[in-house]
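Labels run A, B, C and D following the written order; every chain starts at residue 1.
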Amino acid sequence: MATNRLEAFSDGVFAIAITLLVLEIRVPTNAGDRLAHELADQWPAYVAYLVSFLVIGIIWMNHHAVIDHLRAVDRPLVGLNLFLLLWVALIPWPTRLVAEYMREGGVAERVAALVYAGTMTMMGIAFGLLWRYASSDRRLLGSGLSDADIARRTRRFTIGAPIYAIALIVALVSAPASLAIIAVLAVYYALPQGGMMRGPSE
Amino acid sequence: MATNRLEAFSDGVFAIAITLLVLEIRVPTNAGDRLAHELADQWPAYVAYLVSFLVIGIIWMNHHAVIDHLRAVDRPLVGLNLFLLLWVALIPWPTRLVAEYMREGGVAERVAALVYAGTMTMMGIAFGLLWRYASSDRRLLGSGLSDADIARRTRRFTIGAPIYAIALIVALVSAPASLAIIAVLAVYYALPQGGMMRGPSE
Amino acid sequence: MATNRLEAFSDGVFAIAITLLVLEIRVPTNAGDRLAHELADQWPAYVAYLVSFLVIGIIWMNHHAVIDHLRAVDRPLVGLNLFLLLWVALIPWPTRLVAEYMREGGVAERVAALVYAGTMTMMGIAFGLLWRYASSDRRLLGSGLSDADIARRTRRFTIGAPIYAIALIVALVSAPASLAIIAVLAVYYALPQGGMMRGPSE
Amino acid sequence: MATNRLEAFSDGVFAIAITLLVLEIRVPTNAGDRLAHELADQWPAYVAYLVSFLVIGIIWMNHHAVIDHLRAVDRPLVGLNLFLLLWVALIPWPTRLVAEYMREGGVAERVAALVYAGTMTMMGIAFGLLWRYASSDRRLLGSGLSDADIARRTRRFTIGAPIYAIALIVALVSAPASLAIIAVLAVYYALPQGGMMRGPSE
């Protein structure tokens, strides 16, 4: 399989998953004059939309920073990529969960955050595996990256999973804190030093 | 990241958002012999579908008029592009809101129009920022555009946000008037002089 | 705008619309042991899925038979193409209508078929306009087609709208007959002589 | 029609169908403190998501293993490809059926599994036909494959339908056993010897 086919299919899944997020934001029924009030009440839906949009957008960018440097694609890589997409495509579901139960407080709120952080953790693990497989001994990498580039990417691309795992544990205690960790991680990746598009060698 | 990857991903989001609009048009349940009547009753849904389709279609065209002239893509541009897509992907939601509450009159109708115009305003701001960032000092532009071309585009691409903002204020008074402004702006962009595909230099 | 960008965006809308059709097929709730019975009862949903899938698939093929021969794209063509996509993207909605009301008989059934045939008629008109605009005086066509090729395509591409219009009128009397006409037209287009991919000159 | 257009459209449908699967996983309403319990209760939805994701992912890979070796595309192939996509695009629906009725036991569970296995059987038949048509007498194949390569692919690509048919029959007796067969087949295709991306000649 050609690299660009893998990229096009993955981009399709990223684009669809990020656009399906909007379906989780509800339109109140028969709200009448209370519409403004009910829209304000469902603020967790907007937060969830924003955080999930950011997370998928960042993963899409990081995914390119991997795929663009591949010189070849083999079967295990395609499999690992599907494993990653399995979790990316799932994101709209925990996003709806958080949108629905975040305002509730109590156990439900923490369960929703737990599922959300759990999905992110699995996605982080999948992304780390994908990068590790492609980069170890430069198995599938072209010559565009120096050893230092690879080492730096390895640090960046494998830091996600443990931080998501922390968010998972925090979710047992506080749902908002758990989501905040995930949002902060997304912002970190969005910042220049967190990303992979800085210098000519990158 | 290559320009064409950014373009393909963005096109995917535009195409999905524009096609998801159809999900906001309801199929009446158990209408029986009143089906024609109930379908006629939900005319705001058709208007909302049409206006949102037009808006996304126009933004897609304008987006190409920007991306096609980029000689390079940097990280802030990718970020600004995601910020634009965040609002584009959101459009099906305020469209559903308008479809649902436009026929109601009263406060709900104006709240729906307010959210609709607000989403458009944010999208207009995001588009203006994207163009400003790419074009100021020709930061990311190739040599295909003259200074006059750039100045004309700047006028066209930054006029959207303030007009959407006017629609936002008008929504406080009249929902139909607010939507009409947004529809007229879309038609303006659709006209040759409003668009960007006229002469050989463009 | 480059031809291939127009094609990619349109293909995206076609692919999404054709895949969204599945959302119109309902999963009965709490059917229990009556599940098989309830699934059989909603046979119009399967017919509607099949016919709409066929129609969109055929239009997608015919669309390529147009776009592949363009040597240039101008603004009116982009506008006409958006007008076509407006109706293509709408198809999942009348499909749901037919799926829901076909089993009812009476007025509702005919109203659903009317809306379905009406959507197809508008799509047929849009497609005819697109082809006419591109081909008259070879405005946007390359040199790959002979005059005879163009004349034959004009016959094929403009026969859709009047036949859909007949289905529209027939819907006033009989919903199944109306759908049958649309299905037969799709099969006609699918046959070699109805299509555009036969000889080397095509 | 160019091979790459057929591929891009098909990839779009695969990517959308695989991403729409997530819509079948429900968010419990008003679960309150019982949220964790209700989420656990709907485990068949997760199994169905996983199996369907795997099946579509594998079919996508196998589809590439066919399309990548075509030297030309003719009208019957486009038709057979649409026939395949008809079943691929349908998969989210039997997936929802299984998700909804698997936990029920009794007749409903077996009916759901029957519809699921039936859809897979039809997809397997469509895929086999597609390959047979393209490969018999090397009708549309390029020279990249040896006769032995073709024979091996024929074995692999036509083994799906009969096994899915067995799953169909098994569904009459046991829904879980039926799904297990489908899952095992997907894993078989995922393994190197089941797949088509191994040596240089492939």
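The criterion applied here is as follows: a residue touches a chain if its C-beta (ideal position, glycine included) is under 8 Å from a C-beta of that chain, and two chains touch if they have at least 3 such contacts.
Here the structure is a predicted model, which is why all the values come from computation and not from measurement.
The angle of the rotation carrying chain A onto chain B, fitted on C-alpha atoms and rounded to the nearest 5, is 90°.
Using the average of C-alpha coordinates as each chain's centre, C ends up farthest from chain A. Both copies, chain B and chain C, contribute mostly unmatched positions to the interface they share, with under half of the numbers common to the two.
Averaged Cα coordinates give chain C a centre that lies 26 Å from the centre of chain D.
Separating the centre of chain B from that of chain D, both taken as means of CA atoms, is a distance of 37 Å. Residues of chain A in contact with at least two other chains: 8, 12, 16, 20, 23.
Viewed as a network of touching protein chains, the structure reduces to one closed ring of chains, two contacts apiece.
A list of each chain pair in contact follows: A-B, A-D, B-C, C-D.
Across the interface of their complex, chain A is touched by residues 7-8, 11-12, 14-16, 18-23, 25, 27, 29, 31-33, 35-36, 39, 49-50, 53-54, 57, 60-61, 64, 68, 190, 192, 195, 197-198 of chain D.
Those residues of chain B that touch chain A in the shared complex are 1-2, 5, 8-9, 12-13, 16-17, 20, 23, 74-75, 78-79, 82, 85-86, 89-93, 96-97, 100-101, 104, 106-108, 111-112, 115.
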